[in-house]
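Following: one structure in structure tokens, then a few remarks.
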Amino acid sequence: MLPIIFVLPLIQLIILSNAATFEVKNIKFAYVDNDNTSFSRGLVEKFEASSYFNVVSQFPSEKLASKAMLQGKVDVILEIPSYFEKQLLKNKKADLSVIINAIDGAAAGVENVYINQIVQQFNKKAQVELFLFNNLGNQPQDIETIPSFWYNETLNYKTFMVPGILVLLVTMITLFLSGMNIVREKEIGTLEQINVTPIKKHQFIIGKLFPFLVLGMVLLTVGLIISKLLFHIPIVGSLSLMYLYTIIYILVILGMGLFISNFTDTQQQAMFIAWFFMVIFILMSGLFTPIESMPQWAQLLTEFNPIKYFVQVMRMVMLKGAGLSDIYPQVIKTFVFAIAMNTLAVISYKKTS
Amino acid sequence: MAKDNMIQVENLTKMFGDFTAVNNISFEVGKGEVFGFLGANGAGKTTAMKMLIGISKPTHGAATVAGYNVLTEAELVKRNIGYMSQRFSLYNDLTIKENIVFFGGIYGLSSKDIKEKSQTMINELGLHDMTNSLVGSLPLGWKQKVAFSVALLHNPKIVFLDEPTGGVDPITRRQFWEMIYREANRGVTIFVTTHYMDEAEYCDRVSIMVAGKIEALDTPKNLKSQFRVDSMNQVFLKLARNIE
Amino acid sequence: MNRFIGFIKKEFYHILRDRRSLFILFGMPIVQVMLFGFAITNEINNVDIAILDHSKDVNTKEIINKIATSKYFSIKGFIDHEDEIESTFKKGKIKAVLNFEKDFSKNLVTQKKATVQIVTDATDPNTANTISNYVGSILKNYQQELNQGLNLPYQIVPQTRMVFNPELKSVYMFVPGVMTIILMLVSAMMTSISITKEKELGTMEILLVSPLNPIQVIVGKVVPYILLSIINAAVIILLSIFVFKMPVQGSLFLLGAESTLFIVNALSLGILISTISSTQQTAMMISLMGLMLPVILLSGFIFPISSMPLPLQLISNIIPAKWFIMILKGIMLKGVGLAYVWKETLILIGMTIFFIVLSVKKYKIRLE
């Protein structure tokens, strides 16, 4: 059991943090060049030079290229029409046809942006070569945008995901173990024996749950060490603030686990219910997908999601160096949850036994 | 080898790595006998029993149960024995009736047989009102009685009982042993492990296992006179002390 | 055969009597599909941004107006100084600040060039990058309007066609993933738990002492879950068709057959887990901790596999979910037949056989 509690989560932290990236790169690019002039080949070369695209192959017809897309071998098809160069010279305007596999809508949007950027660059160069802007009055006005990415200049995904996945692992382990623990004694029948001993209920509960609090903190510590040493994630903010918050947070989770075990008879039920809420909490936590993009009602629901606050706090404190005053709302809400959850848990425990 | 020996064990040994759980034991059990298999926790009783019922393979030695070799004819052994374990042998989330139907079914009884059998059983146990209640809602003593009857559904020649009365009150234990005697009188061989020494007095013969070996094997009466004491409990204590 | 039917009946009693588990078993897929369909998206919408405008002239006002009316952004504040950016970001609400240089309009007219800085909170690199791109394209549009009179010659215009999902709905992307994840976890978890439960409660011994052979016991325990999982798969497909108007372009029969194959695959994985764990707790931890995150992250469900580092791309090949998601996307969205997904199908069949052979081997060892 011990390797499952410790090794499995940490291996996951190490491996999966590398997997969680929304970046779009290595786009499988195919083209059909019906023009086949040095001009059209120049455009294809632009794509070959780009680091976003992997040119898979050239196809003699759009039909064959589409077939490759159906097989999943190609993400994007660029079709250059016949007489592309001639059209451009004659009509001052020429069309290109681009086909994008849009099953992953977000990725398709990004791919479209990249394609347009490359075509525009190519177009600009062509315009300069074909037509010289010598009249200063006619020169187009240009708005230059300078992006500046704070806290994570290189847009390194791990910086974003590692704190989040760490949150997830700490939560999952403590919730599942605490949720199952008391039910397990019920199911095997040892709880009856404990109930006849003179041990007080709160002593029993604290005795049961305290090890999981310690376990959660140990996991957090090891996880932080891995983040620092292996992923070089900056830990800008105060460590003691993180630990303090984590203790409050784990109390919420342990209360939930206890509450679940009081309302279930078998480990299977406890596990299922814990899992059910876990999945909803994870998905609605802003860990993988932005909360701001959700509809209003969904955003309102996330207010009751403790994982959301833990994810926010970890990212804010670890990466931005937020202080207590910045995370004050999260701390207060988590604290309220902790009290509410544990009160519910203790009340329901008395009722069932 | 006597013809009507239901269990015949010769030099049976089970090793887990370097640890010898069962060390070269030999004994036989006759037809209709109530054979007590005693020993402290960890003495190797359960391991020895598991080899006899065919769910654990011996490292050395041989054993026949109901005339079949446990190594080579495990399937035939299984058809001729009943088994009830120290933990619940029944499903708590099924009713008494459903448990009977289920276990009758997996032993290949026809539905007509199951109906007749369960009727007799319900009559004997006086369970008329309870056939449709979940086993989980029964008191432990009742569960064990039902479990014992279920283990006998398919008319096995031998029944193996692994600490059947653990955690049960003395009155129910008494009733349980009455059931055991009734079956023994019908010719069913009973192989029972227990660590209640007073129960050992009810057995025809007992064996006492200490650290993987059988250290004593005889009728309770002979054992008591051999060790010059007046209860099986004292026999057991003396034996354990001698070994140490 | 009679024995076997009795066994399956008993298994159904277990499942149907446990109302809470049953509720989760069927509630889970519905809730998840609904969440992904209605609430969760990996696009950006209504991102809070702030403006730092050093010029406050006609052009900056027009640009701010354009940004305010776009569905991607909502302007949640104006700040006066660069120093305030830091504290704004630390509060966590505002994700980007647009910083217009001084004399924006004047520069645009006299030097034909003016500068905007887009400062983003890149703790979430994806959102930061997307914001940057979207603001950039709003500015490009504005710039084109400014230059309208000039009528530039020699324009190359890409005509883009988004195939398989023209409206770029994220639910199209998520439904195959949700279905995979649910089938995988429910099937693997349920079987491993229900088998280890019999071990833990001691009833497994009773079954093994009976004339039923171990294979019959295992198959008997698995059959009910095949049926349950098929119902789950059907519910998910119906929801996606009728609630989210997601098309099933390919053959429904093929879809059903492939789903059944995947269910059997997951069940055999569940059996394998149960052979290596002796308690329910271990079985659950292995199936949840060991399966949940890898299946979410390495299957291409949310994150594109092609963007991962090479070692992880290789690892993703041993995740059955990856292949099933490819099959699902192929059949549901691309409308292809077996001719296009036979390779993935064979891989799933191979993995299933591998799990079964391994479990049978492991199982025998336990009885030594």
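Read from first to last, the chains carry the letters A, B and C; within each, the first residue is number 1.
Criterion: contacts are C-beta pairs under 8 Å (C-beta built on N, C-alpha and C of every residue); 3 or more make two chains touch, one makes a residue touch a chain.
This structure is a prediction, so every number in the text was calculated from the model and none was measured.
Sorting all chain pairs by how many C-beta pairs they have in contact places A-C at the top. The greatest centre-to-centre distance from subunit B, using averaged C-alpha positions, is reached by A.
Rounded to whole angstrom units, the spacing between the C-alpha centres of subunit B and subunit C is 54. For the pair subunit A and subunit B, the distance between mean C-alpha positions equals 57 Å.
Taking the mean of the C-alpha atoms as each chain's centre, subunit A and subunit C sit 11 Å apart. Subunit C has residues 18, 201 in contact with two or more other chains. Interface residues of subunit C, counted against subunit A in their complex, comprise 18, 20-21, 24-25, 27-28, 31-32, 35-36, 38-48, 85, 89-92, 95, 108-109, 112-130, 132-133, 135-137, 139-140, 142-143, 146-147, 150, 152-170, 172-173, 185, 189, 193-194, 197, 200-201, 280-282, 284-286, 288-290, 292-294, 297-298, 302-304, 306-309, 312, 315-316, 326, 329-330, 333-334, 336, 340. Within the complex formed with subunit C, the subunit A residues making contact are 1, 4-5, 8-9, 12, 15-16, 18-28, 69-72, 88, 92-110, 112-113, 115-116, 119, 122-123, 126-127, 130-131, 138-153, 155-157, 159-160, 165, 168, 172-173, 176, 180, 184, 187-188, 264, 266-269, 271-273, 275-276, 279-280, 283-284, 288-290, 292-295, 298, 301, 312, 315-316, 319-323, 326. Taken in their complex, subunit B has these residues touching subunit C: 53-57, 75, 78-79, 81, 83-91, 93-94, 98, 101-103, 105-108, 160.
On the side of subunit C, the complex with subunit B involves touching residues 2-3, 5-7, 9-10, 13-14, 17-18, 201-203, 205-213, 367-368.
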